[in-house]
Each structure stands twice: as C-alpha cells, then as structure tokens.
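The letters A, B, C, D, E and F name the chains in turn, as written, and every chain counts its residues from 1.
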Amino acid sequence: MTTWLPTLTTETPEEGYELAVKLSRVAVKMTQPDAAIREKLRPEYAESFDALIASSQIVATHFATVAAANGYWRETS
Amino acid sequence: MTTWLPTLTTETPEEGYELAVKLSRVAVKMTQPDAAIREKLRPEYAESFDALIASSQIVATHFATVAAANGYWRETS
Amino acid sequence: MTTWLPTLTTETPEEGYELAVKLSRVAVKMTQPDAAIREKLRPEYAESFDALIASSQIVATHFATVAAANGYWRETS
Amino acid sequence: MTTWLPTLTTETPEEGYELAVKLSRVAVKMTQPDAAIREKLRPEYAESFDALIASSQIVATHFATVAAANGYWRETS
Amino acid sequence: MTTWLPTLTTETPEEGYELAVKLSRVAVKMTQPDAAIREKLRPEYAESFDALIASSQIVATHFATVAAANGYWRETS
Amino acid sequence: MTTWLPTLTTETPEEGYELAVKLSRVAVKMTQPDAAIREKLRPEYAESFDALIASSQIVATHFATVAAANGYWRETS
C-alpha cells in the first residue's frame, strides 16, 4: 500500500526541509479537498507576501519535527 | 466507554498526520459547540486561503506532538 | 486550599485535551478580569472563524505541554 | 540584588501559570518602556478579543517553558 | 573576534530573558538592514499593541530556547 | 553534489542564528519560485513592520531547531 508519508527519516537536512514543505502542503489539501477551489485561491495566495510568510512559519514548525526525528542529522556534517 | 481520542499512538506517520488534523478540528467544536453557527461560518472559512493556512499551522503543532508521542515512528522506515 | 490547576496529569488523552482547552481559557480571564467586558466581546468572538482558529492554535500549544507532562499516555493505548 | 525573575521553579502548576502570565507581560514593557504610551494603548487592547487571544498564545508558549522547567510538577498530583 | 552572540548561557533567568529580547531584535535588523527605514517604521510599531504583542510572542519563543540551553537555571533558585 | 543545507551544525551561536535566517528565507523561495514575483513583493514586505515581525517569528522557530541540533553550543562559552 502506497502512502504519501512512509517515514520522517531522510538522508540529509536538505531532504528533511523538502519533507517539511510537503507536510505543510498536505494540510491545505485536507482542509479544502476541492482542487477547483484551491486553484481559484492560489493566485491570491502566491502573490501575497503575508501568505508566503505564514507558509514559511508552517514549514519551520514541521522542519523542527523532522529535524528531531532525524536526530538533527548530526552524523551528516 | 467510547472516546474520540483513545491514544496518541498510531501505526504510521500518515495515520499520525490524520490524527493531527482531527485534533485540530476538535478545538473548533469545543469553542463553538453550536453546529449551526459553525456551518454558517464554514463557507467563508473554506474559501479563504488565510484560514487554510492558519489551520495548517495548527495541524503542524499537533503533528509535532503526535510525532513525539510515537518516537517519530523511527522503526517504520 | 482549592486550585483550578492541581496537576497536569490526566488519566487519558481526551482528559488531557480538555485540560488544554481549560488552560487556554484561563489566560483570557487573567488578561481581561472584567466578566462584563468579556461577555460583551464573546458574540463577536464565537461567530468569527478567525477567532475560533486562533483559539485552536492556543489549545494545540497547551496540548503539547499536557501531552509531554503525561509521557504521551503511552501505556493507555 | 532584587530581580523580577529569580527562578522558573514554582511550587504548583497554578503558580507556574501565573509566572507564565508575568513573563508575557514583561516583553510588552521592554518593547515599549514608556508607561504613558502603554496606558494609552491598553483600552484598545483590553476590549479586543483578538488581542486577548494573542496574549493567550504568548502565555501558552511561556507556560510550556515553565512546565518543562518544573518537570511538569509530576510529584504534585 | 567580537560577536553579538558568544553564548546562550546566562547567569540568571532574568539575564536569559534579556538575551531572548536581544535575539528577537536581531532578526528585524537582518531582514531590513537599512536603519533609516527601520527608524521610519518604529513609531507605527511602538504605538501599536498588535506589534507589541507580536514581539512578545517572538521573545517567548526565544526564551524557550535560552531556558532550555541553561537547563532552566534549576540550580539558581 | 552541492546542497544549500549540508548540516545543522555550526561553530558558534551567531553562525547558528545566521543559519536560522537562511532557513527562513528558503521557504519563501519554495512557495513562490518565480523570482520576478518575489521581487515585486519585496518592497511592500521590507517596509512593513508586520512583515518584519512575522519574519522574526520564523527565525525564532528555526533558531530553536538549530540550537537544539548544536546542543546549545554549551562548550562554546
């Protein structure tokens, strides 16, 4: 069975950051499952710095979780 | 006795994310128990990207809790 | 001597969530101790999805604290 | 030498919550040291549910810190 | 070589709080390095309770970090 | 293979803070990959204290992660 989130473990911090971005986007889809409405809202969103900043805060929260899950990739450096 | 929240433990990260979404929704119900008012507010909410983003932040906060509760599903990967 | 917050320990996750809701409400009372003013503000609040969402974020923050205090109720499941 | 914050340790969770409220208020004073301006702003603030909710979020963040500092008062219950 | 942030360790909780305030201010300077623009914005900021509250939230987030870095000053009390 | 985020480990707290600023900026680029649109939005952003404060909150969240990853640089002081 496929899943969009098989694990929080990533090879590198950069992949961990990309996973945090993905985790941020999924909540929007779950709250507004209608893709047509999401598309209608997207332009307003993508050209608003407020929205960009708010999204960055969500990414930061998820990145904290993913980083902890990976022991902060301490062996990677 | 049934409960809407028997445990924070989930089998997979994906189920943990779904639990985080559920935890986010319950607070709205507890703050505004009147379903009729909630329904009246929902359209405004579902078509507002600001509201979608704010909801995503709440999901992110709960997901951090659920992920910690599950030891980040480290054995799952 | 009675206290509104004798402990952060709860039997179940659900009771922990209810405690998080209670912790959220107390701050409002402490910031605005005048019950008459709070009552005047409540309608505006209860019918605003923005306010509902903001409240949910506070509940999420407190739930993280209560869940950690209870070791995430890991034996409960 | 006196200090407004000698310790994060409190006897009970309730005292810990009161300390969190105090920690929230100090930042406002440090950012706007002019008491006259703060007083001018206070009415607008105290009668705005948005402001009350935002304050509650700050209290929640500080309470998480104070609770961790006290090992969640696990012996208190 | 001098640095504005040699350590997160402080003698007391109060000094830790002052460090949290300092950490909050640095981000503003890094995002808007032009002092003239910052000065132009400051009046609007200092007399807005919304801005004061938002700043307090940032202080709270940094204080959580500084407190953890200092083991919550548990020996201080 | 180069990466923008090879590690969360930094020599000093100050470098850790700079990494937190960098982590904050990347999310904006990932959400709005079109540099022309970002440039169009930047003036509005850089001269708004609200935006500066919101950015500072994101930096604070990332700094918490970076500080934890570095064991709070406890040997540095």
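Basically, contacts are C-beta pairs under 8 Å (C-beta built on N, C-alpha and C of every residue); 3 or more make two chains touch, one makes a residue touch a chain.
In UniProt terms the chains read A, B, C, D, E, F = Hexameric tyrosine-coordinated heme protein.
As the structure is a prediction and not an experimental result, all values here were calculated from the model.
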Labels of chains that are neighbours to chain A and to chain F: none
Other chains in touch with both chain D and chain E: none
Same or different residue numbers at the chain C/chain D copy interface, by half rule: different
Rotation in the CA alignment of chain E with chain F, degrees, nearest 5: 60
Where chain A and chain D are represented by their mean Cα positions, the distance between them in whole Å: 31
Centre-to-centre distance between chain D and chain B (centres being mean Cα positions), rounded to whole Å: 27
Residues of chain A engaged with two or more neighbouring chains: 48, 50, 54-55, 57, 61, 64, 68
Pairwise touch network: line, ring, star, complete, or other: ring
Starting from chain D, with chain E taken as the next chain, the full ring order: D, E, F, A, B, C
Residue ranges of chain E in contact with chain D within the complex: 12-14, 17, 21, 46-50, 52-57, 59-61, 63-64, 67-68, 72-74, 76-77
Chain B - residues contacting chain C, complex: 3-9, 23-24, 26-28, 30-32, 34, 37, 40-42, 44-45, 48, 50-51, 54-55, 57-58, 61-62, 64-65, 68-69
